[in-house]
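The two complexes that follow have chain A in common; it is paired with chain B in the first and with chain C in the second.
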Partner chain A sequence: MTGTQIFFLIVGAVTLIAGLMVVTVRNLIHAALWLVATLFGVAMIYAILNAGFLAVVQVVVYIGAIAILFIFAVMLTRRQAADTGASINSNWWAGAIAAAATFAGLAFLLKSWSGFSKQAAAIPSGFDAVNQLGNALTSPQGYVLPFEVASVLLLAALVGAVYLAFNKK
Partner chain B sequence: MNFWNDPLKVAADWLSGIFTGWGMNSVAANVLVAFLGVLMLITILMVIDIFLVWIERKVVARFQDRIGPNRLGPFGLIQPFADIIKLMIKEDTTPDDADKVVYNLAPMLSMMSVLILWAVVPLAPVMLGVDLNIGALFLIAAGSIGTLSIIMAGWSSNNKFSVIGAFRQVAVMISFEVPMLAVLLIPTIFSGSMGMNAIIQHQNIWYVFLSPLAAVIFLIAAIAELGRAPFDLAEGESELVSGYNIEYSGMKFGMFYAGELLHAFTFGGFWAIMFFGGYRFFGLEKVSPFLAIAIILFKALLGYWIIMWVKYTVMRIRIDQMLAFNWKFLTPVAFVLVMVTALMNALLRGAPSWLFVTGMILSNIIVAWVALEIVRSISRAERERIEGPKQVAEAHH
Partner chain C sequence: MIPLSWYLILAAALFSIGLFGVLVRRNAVAILLGVELMLNAVNINLVSFWRYGDISLMAGQVFAIIVFAVAAAEVAVGLALVISVYRRRNTVVAEDLDLLKW
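Up next, the complex of A and B:
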């Protein structure tokens, strides 16, 4: 077992445990903080996969913006951060079956993929992943259209939010 | 390859040679050497941090026409050590109903978010932690961990004032991240890379001469990120006592305080890297890596001094002024500047360097002038709306 594998197993276990804590702790702020830990674990897995750009963007967007926004929303709207009452309802078995089926389906798909048991090829030196990603996102042969459509969608969401919050005199 | 040309590599090879000589696996030896390197860097930074306390106190004293610490040791140099001993032996208090784990985690995260920044700081051409090709984004990512630590501190203290302080601080930080990120794109446009070392290597002409407006916007956003005056409304002694760190005592408070000072020094360093050529100074960096370290530390201290100069000169502003300044002025200007710079860079790509520099400076001046004119006309209209049109008779006085 290589060092990377050991590291991956540790990070994966921490991420999964943190994810489990998100849905089981009572205190909403604690849940948000566990969510931060989960997202950080995912960022570390990106870093292990040599996707440094994705890892940093994961931290900036999900921890720096979304998780902070969650915490803000909880603090500003709740008097009591802790929830009372049952944390699972009577449909838990349906959820468990759906989750197990999704996991089994993904595992099956990956198992039937030819690259599943192969070692990843070493990245050639001088390979600039950020450059490649930038070119792919902005070249007409690449993904410029989906990229721009997504930007317009976000802009529309922004305009809509401003319109809703705008105080009509 | 001798010690004076590449000290880190020579030392690392020597150490891993010793470790493998003891029968250690070579991979494990490399991990251990890297770990020792990180430990050494952090230790040096913390020692610098101790002296930053002394520097800060001396400089603020001079700005306020005082002498500052001068009793213990020459020039009061031993004073910070006495302060540390005091912080260590102070009673460690935890408020009732505080969220203990989160409460104790927050100062560590705060310090960590600053120390982690030094992973990408190139101290010399051959001395740097990692040459990430996304260094500029890394700066923002580490800042978001700092934001998290502040909101954790404010919430877990179980104190209304600390929560309000944390809200304000986080509002400042997430607002000013936007212009900072936009302005960080300008060195990226010039150098074609986000890596710190590549940005420095490309600065045959310091970027401050190509884009002075970007340098100014970066400094303002950095001061806001630090939560220093004029953006220290999170502390607001007259309203909030001390902000998010009210309940912390002893060394836990010390972690926030030391973290803030080191953060200011670090941002001075990043300002130097992005706009003042980092470790480069007329080819002196090629003479010896140690000279390069001296140059970048000197530039970082100069940046830190300017941050202190601003802090002890400018008054605190209100939160609505801060938000309006950021969202209605700084962010649009930063975005327009990025677009203009990208356009000019594409237009002047093949041009000789004097034309490139002139074009860039002119476009910067025009952007700044137009922005200031727009702000001036808007504020004049606002003033007239509130105070009524200016009396002609008054103008005669």
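Up next, the complex of A and C:
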């Protein structure tokens, strides 16, 4: 067991436990705060995977914007969301079976794949992942078109969200 | 070193937890929280395939960034819908929103 492996196991366990709390805890504000913990764990997984830029974007965009948006939405709908009735529906056992079956199916499929226990190749010296990512996102030979389409999608979603949430009275 | 399988199992477990949340929660905001967990699980897979494949091909990271943008758009529209529904019908419980059910 190397130090990285132990760190990965701790981070993975924290991520999964926080994820379980997100889907089971009753108070929705607490669920949103557990989501922040999960997202932070995923950011650390990105850092272990040498994707430093994505780790930063995960913290800024997911925790800084999306999780806060969730907390706002919970507060704006609080009167009904304030724990009246059950937080999970009566068919929860069917959902649990479906989720367990999905996990078992994915684990079985992955186990039969030949590259399952592949080891990472060493990063070549002088390789700058952030530089490569910036080039890939902005060069016409790379992914500039999908990147622009994503920004147009974001703009359209922004306009749509403002229109939907706008109070016409 | 960490084998690829650890990341894939972690992502599969996180996806299943998110799926459980989507299937069992009654509150519409909580359902969206489950969707976020599933999107994060997919992103872990994309980034780990980038790291364990050819590291000079950036497609894995680029696709992860596009998933970020799609997740942000999904949350913005989804929460706007929830707030709009709450304003009109005074509920955010998904099973009460049965106007289209005949």
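Assume the second predicted complex is superposed on the first by the 147 of 169 C-alpha atoms of A that agree within 3 Å, B and C clash if a C-alpha of one lies under 4 Å from a C-alpha of the other, contacts with A are read in each partner's own complex, and residues count from 1 in each chain.
Convention: contacts are C-beta pairs under 8 Å (C-beta built on N, C-alpha and C of every residue); 3 or more make two chains touch, one makes a residue touch a chain.
These figures come from a predicted structure and were not determined experimentally.
Enquirer: Output check: A:91 vs chain B and chain C. Expected answer is one of first, second, both, neither. What do you get?
Expert: A:91: touches chain C, not chain B.
Enquirer: Looking at chain A, which partner touches more of its residues: chain C or chain B?
Expert: Answer, by number of touched residues of chain A: C.
Enquirer: One more residue to check, A:65. First (chain B), second (chain C), both or neither?
Expert: A:65 contacts both chain B and chain C.
Enquirer: Looking at A:57, would you say it contacts chain B, chain C, both, or neither? Reply first, second, both or neither.
Expert: both
Enquirer: Thinking of the overlay built on chain A, is A:28 touched by chain B (first), by chain C (second), by both, or by neither?
Expert: So A:28 only meets chain C here.
Enquirer: With both complexes overlaid on chain A, does A:115 touch chain B (first), chain C (second), both or neither?
Expert: In the superposed model, A:115 contacts chain C only, not chain B.
Enquirer: Under the stated touch criterion, which partner chain does A:128 make contact with: chain B (first), chain C (second), both, or neither?
Expert: first
Enquirer: Examine A:161 and indicate which partner it touches, taking first as chain B and second as chain C; both and neither are also allowed.
Expert: Once the two structures are laid over each other on A, A:161 reaches chain C alone.
Enquirer: Looking at A:47 after the superposition, I want to know if it touches chain B, chain C, both of them or none. Which is it: first, second, both, neither?
Expert: Touch partners of A:47: none, neither chain B nor chain C.
Enquirer: Going by the contact rule set out at the top, does A:36 touch chain B (first), chain C (second), both, or neither?
Expert: Touch partner of A:36: chain B, not chain C.
Enquirer: Following superposition on chain A, which residues of chain A contact chain B and also contact chain C?
Expert: Comparing the two interfaces on chain A, one with chain B and one with chain C, the shared residues are 53, 57, 65, 72, 129.
Enquirer: Could you pull out which chain C residues touch chain A in their complex?
Expert: Residues 1-10, 12-21, 23-27, 29-30, 32-34, 36-37, 40, 43-44, 47-48, 50-52, 55-56, 58-59, 61-62, 64-66, 68-77, 79-84, 86-87, 90-93, 95.
Enquirer: Quick check on the complex: what are the chain B residues that touch chain A?
Expert: 27, 31, 99, 102, 132-134, 137-138, 140-141, 143-145, 147-148, 151-152, 155, 163, 167, 170, 174, 177, 194
Enquirer: Residue numbers of chain A touching chain C in their complex, please.
Expert: 2, 4-5, 8, 12, 15-16, 19-20, 22-23, 28, 31-32, 35, 38-39, 42, 45-46, 48-51, 53-54, 57-58, 61-62, 65-66, 69-70, 72-74, 76-77, 80-81, 85-89, 91-92, 94-96, 98-100, 102-103, 106-107, 110, 115-121, 123-124, 127, 129, 132-133, 135-137, 142-143, 146-147, 150-151, 153-154, 156-158, 160-162, 164-165, 167
Enquirer: Flag every residue of chain A that touches chain B in the complex, lowest number first.
Expert: 3, 29-30, 33, 36, 52-53, 56-57, 59-60, 63-65, 67-68, 71-72, 75, 128-130
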